[in-house]
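All remarks here apply to the structure that follows.
Every chain is named by a letter (A, B, C and D) in the order it is written, and numbering of its residues begins at 1.
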Amino acid sequence: MKCCSPRYPFALVVLAAAAAFVLHSSAQEKSKAPEIRGWKQGTGWGWIWGQEDQLGALNSMTPETIAAALRLAEEGKTYDLGVRYSRNSYKWPGHSPAEVMTFRSPEGVKRQADNAFTAPEVNSSGQAWHSCALFINDNVGTQIDGLGHVTAGDDNHWYNGYKEADWGGDFGIRRCDAAGIPPIIARGVLLDIAGLKKVDALPAHYSITPADVDAALAAQRLKLQPGDVVLFRTGAMRYWGEDGADQELLKEHDSAGITLETARYLVEEFGSMLVGSDTSGLEVSPAPEGSDTFIPAHKYLIVEQGVHIGEFHYLEDLARDKVYEFCYMATTNKIAGTTAGFALRPVGVK
Amino acid sequence: MKCCSPRYPFALVVLAAAAAFVLHSSAQEKSKAPEIRGWKQGTGWGWIWGQEDQLGALNSMTPETIAAALRLAEEGKTYDLGVRYSRNSYKWPGHSPAEVMTFRSPEGVKRQADNAFTAPEVNSSGQAWHSCALFINDNVGTQIDGLGHVTAGDDNHWYNGYKEADWGGDFGIRRCDAAGIPPIIARGVLLDIAGLKKVDALPAHYSITPADVDAALAAQRLKLQPGDVVLFRTGAMRYWGEDGADQELLKEHDSAGITLETARYLVEEFGSMLVGSDTSGLEVSPAPEGSDTFIPAHKYLIVEQGVHIGEFHYLEDLARDKVYEFCYMATTNKIAGTTAGFALRPVGVK
Amino acid sequence: MKCCSPRYPFALVVLAAAAAFVLHSSAQEKSKAPEIRGWKQGTGWGWIWGQEDQLGALNSMTPETIAAALRLAEEGKTYDLGVRYSRNSYKWPGHSPAEVMTFRSPEGVKRQADNAFTAPEVNSSGQAWHSCALFINDNVGTQIDGLGHVTAGDDNHWYNGYKEADWGGDFGIRRCDAAGIPPIIARGVLLDIAGLKKVDALPAHYSITPADVDAALAAQRLKLQPGDVVLFRTGAMRYWGEDGADQELLKEHDSAGITLETARYLVEEFGSMLVGSDTSGLEVSPAPEGSDTFIPAHKYLIVEQGVHIGEFHYLEDLARDKVYEFCYMATTNKIAGTTAGFALRPVGVK
Amino acid sequence: MKCCSPRYPFALVVLAAAAAFVLHSSAQEKSKAPEIRGWKQGTGWGWIWGQEDQLGALNSMTPETIAAALRLAEEGKTYDLGVRYSRNSYKWPGHSPAEVMTFRSPEGVKRQADNAFTAPEVNSSGQAWHSCALFINDNVGTQIDGLGHVTAGDDNHWYNGYKEADWGGDFGIRRCDAAGIPPIIARGVLLDIAGLKKVDALPAHYSITPADVDAALAAQRLKLQPGDVVLFRTGAMRYWGEDGADQELLKEHDSAGITLETARYLVEEFGSMLVGSDTSGLEVSPAPEGSDTFIPAHKYLIVEQGVHIGEFHYLEDLARDKVYEFCYMATTNKIAGTTAGFALRPVGVK
């Protein structure tokens, strides 16, 4: 399959509107933005990085882009963009549940006495330890979807044409796993759609459109740049609380999100390198009637464009402080085979 | 128990030697190093942050210290300090094993047809997905030990006096879990002891002494500063390869590490905020004859001083490039109850 | 704590009623019932088997009792008393969830090629295999609660005085685990309370009383004998279906069950060796106002009397065929540390 | 694929020898053995039970055969044929490891206080409970391999032609899972090959041949009957001890077992319904040079003949007491999707 064919008609009128913006200059804009390699206006990224590539649009990061992003962080003020995940936390029901289990405990270590080095005669200080065993899914909590997470076609291929028959396996995926995702350090932009609409959180099933993108950029007096990490705030995470246990409330608001058109707008017109939000799936659900899939924005971004997706990012503090531009930093666990970074703690630094 | 009592005699001669260093000035030294709160030369950190504190020495991070650390990263060159973890990877045998299991696969999703939205009539593009279920321990791969990981005494207390009878539980620890560890952004210093000794990797059971610290600092023309993340290179990680499957070789070299005296030296004389290495346990093993525990440096650093420990950090690339001073950034997963950050990907940025 | 003290006043009037029964003789009654060791009318079983005992009332099984039970099975007609357990199945919410995950699959084995012996040149028949990894709780599906499952007192002791401080541990319990439960082969008796009441299933919170026991025995023309496995039918399992996925319906009917008095009646007057039902917890819930625990029948049966409890037994077919007396056979998995036999398949044979 | 074609030349001389036996009559032989349906001398069982069948040779069990088997148990003496399984136990390295983890503990329940019904004011007796969470493989400990465990061919089919493309899935197999295996009650026959050879345990890689079968039958003065469960004793389980922790010793002896010819001999000449042993894989390993698979007896028995395989059966006590004929009873867990009964406790009753 060839990706990125011009299947989706694009609203030229939207582009015209975008071009008409008059925006204040941000900190980064003051300095010359670094060159972004790979991206082409009008078509986006795509499968352009070679047959062996597993990174997609993240290939556009260079020391120059990273250094530029870090310069946005001169105040050293950090925002923790992760949500606390526990056995009680809201998740998409199709994923496996979680348990964090006390595996070794000081009392257990001493009662079982299964290690000679804890015997009182050689351990007079009564030292012991805690450790936990975890059963957990790799698509829960604050996430970055890897490029092998979703597949398309009868051949079940993912980004760059990797096919299940070749690269599937019993221990996770064997191409594009999350262990291979490099540290992501880039300019982060918050698009506060809930703030724009003056609501606590967008209502269920709200579709964030290209016009909403334009309006938020105008309201926030900001321009997007190629290579940005763009994060949409629906407001859903204001209901996460301690550990996301209010299933009903979270489920309701979790269904607001971007449309396929908005995904295209970001990638093809603005060169966004990673697109995310504060919901479990970024895109509006259910998909519009007539879609060729239940998650058209996932297919477009991940499979066709090689753009990673950020999910369940906690954006409340950024919004409260009106921090719309910042240095975004995220690292995924290096666990072989995983399909996403999960239960993450991305950071926004101003 | 009162921590930080002057139980351990301290080698004054070593201090004198340290004071005699004449060092070249580093990038950070050129600018005024920010004030570090909480630390006192001669005693270190300790339980000084209030009865409810769960962060220990990490409390010394401020926007100023973070901004200063970020200024070390002006080139934007990143070093991935994590090692890839899989079912085959070396770990301490007392921890639970790992499996990353393909939980949903495109073929499985289609064969089971257990979700209406994947039916061909509403999913003409044949969309499906991969996800994994993980069974994993929270003390494996590249780690940051949390302040509740190890305990001491008949009351099994950990940092700040949290006792098992009060704060233990079935779902991990209820104080000082790794979900509460803030993003760590600080000046990182590599002490390349293997390089100093001109060996590929330190031999089994090698004890890294305060004198080794001094010699490495001198050879690397560097000074330590309060608030540093100090990482010792034994060279063991050069044998990690793809995923740490060479159990015998790794086990052998994994036993080199620092002594209790070295831990004290770093904390009490230099104000190190986090101390780590490229082995599973930082400290030399077995503990010296006559120790009151099998892991005296863990007890001192974590329980008594509130200093987090870094483990299995991959330092080979930093050493190769002679990058001894850098911006260290690490974030742990936000999983409630966990005792450590595991399978991490800390980053060094120059 | 001393068990079995006469704390609970006992309804003598009930006994008198019981003594007045005139019952038809069953198959086993025709032959002389074997001597049952250990049991004493009026007090039951209790901690009488020695300080090291872990089996409780099951000690009363002998080759003679087993042979007598097997003689009830002369037709060779089997009834499967287990229910099918899956990730969707109803369970008490305090237990951990279940996943059965395809661990190795023929396609995965061939794609990964991680075993030399599956290479085509030495495996021309294309042989491969399936196996599953399970994450599961030991208190789900059709169960037999072990004698260490529940505890009482500030010392958290279980049957026979085993205390948590001595016999607890990180890998399950270290006394009375389900791996030590011998094969159970005994006379089984069905008490069809739903049938007696002429309802599909007992209503929520229905309390099965000693009078119900008497009435069912009279209606079924049956006598209890010491050493019996007594199974109460509430009818709840008629709603289990394929795998117990109708959570709401099952939860509703799951709350019917026996009272503490009924448990005492069975053990002290009739010498029941194991008491079970077709619900998750045998006893009525919630416990009567003023109880000293939320599960008084569990405390009495398991902790004080050493009587195992059977749960989620599928009794619909036995009831349909009016098979009220049969040979009951059950074996638990031999998994060290487990607190119960789970997802079992006990058998009734007529 | 058509199974059971006469691909394997059969040693007529062996048959002739078998016919020449003069054997003492056993308990069961005294009474007329029940008719066994389905089996044909010379060809065995095979795919004869209809397109929807999932049980294979177990279909031959009827109330009559079960009643006959139970008549072998008139003494009521039981032999526990299961081995205790723990995290330390020997298993085939290709399976996932096991952990039995204390999930809820009395102390944890009380410290966390996450259930209102354990509050002291409503729980004056201090009631609490233990439960365990298990991570375990379905091919460990004492096992009965289901008919979907192994597959053959490019289409990865198993017994009765079920193909992976149709009946595979993410949650285990969707045809022939172990949840569907009926209670197995049949005449059990021990063939004590280690006893015959007068060794503690057969040496590594020993091939048990049809001649060994004949010699054991002669020595034990026994005849096989259609419908038997035949168990071969290599003696390996004498090294299991508490929980099979002596990996080296067990691994060595685990490689003795039957040949493909022996499997054929049992099924085609004697009508064995289930064939098992005291090793992890029943058959000799490695497979003879030139085999078309690494497990030819598995392919023959499970895929082609629909005969379940028993593994890791503890036969030491039966051998010690020279109990060669008994009632074999085994029930597998009712866990949807599982490929085998695992950590079982089959019983031999005399």
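Here is the rule we go by: contacts are C-beta pairs under 8 Å (C-beta built on N, C-alpha and C of every residue); 3 or more make two chains touch, one makes a residue touch a chain.
This one's a predicted model, so the numbers in the text were calculated from it and none came from an experiment.
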Chain labels contacting chain B and also chain C: A, D
Two candidates, A-D and A-B; the one with more touching C-beta pairs is A-B
Just give me the whole-number Å value for how far the CA centre of chain A lies from that of chain B. 26
Where the CA atoms of chain A average out and where those of chain D average out, how many Å apart are those spots? 48
For chain A, what residues touch not just one other chain but two or more? 96, 99, 101-105, 107-108, 133, 135, 168-171
Chain B-facing residues of chain C, complex: 99, 101-103, 107-108, 133, 135
Contacting residues of chain C [partner chain D, same complex]: 62-70, 73-78, 80, 82-87, 94-96, 99-107, 115, 117-118, 122-139, 141-142, 148-154, 156, 158, 164, 168-173, 179, 182-183, 185, 243, 286, 292-295, 298-299, 329-340, 342-347, 349
Quick check on the complex: what are the chain B residues that touch chain D? 96-97, 99, 101-105, 107-109, 111-112, 135, 165-171, 174
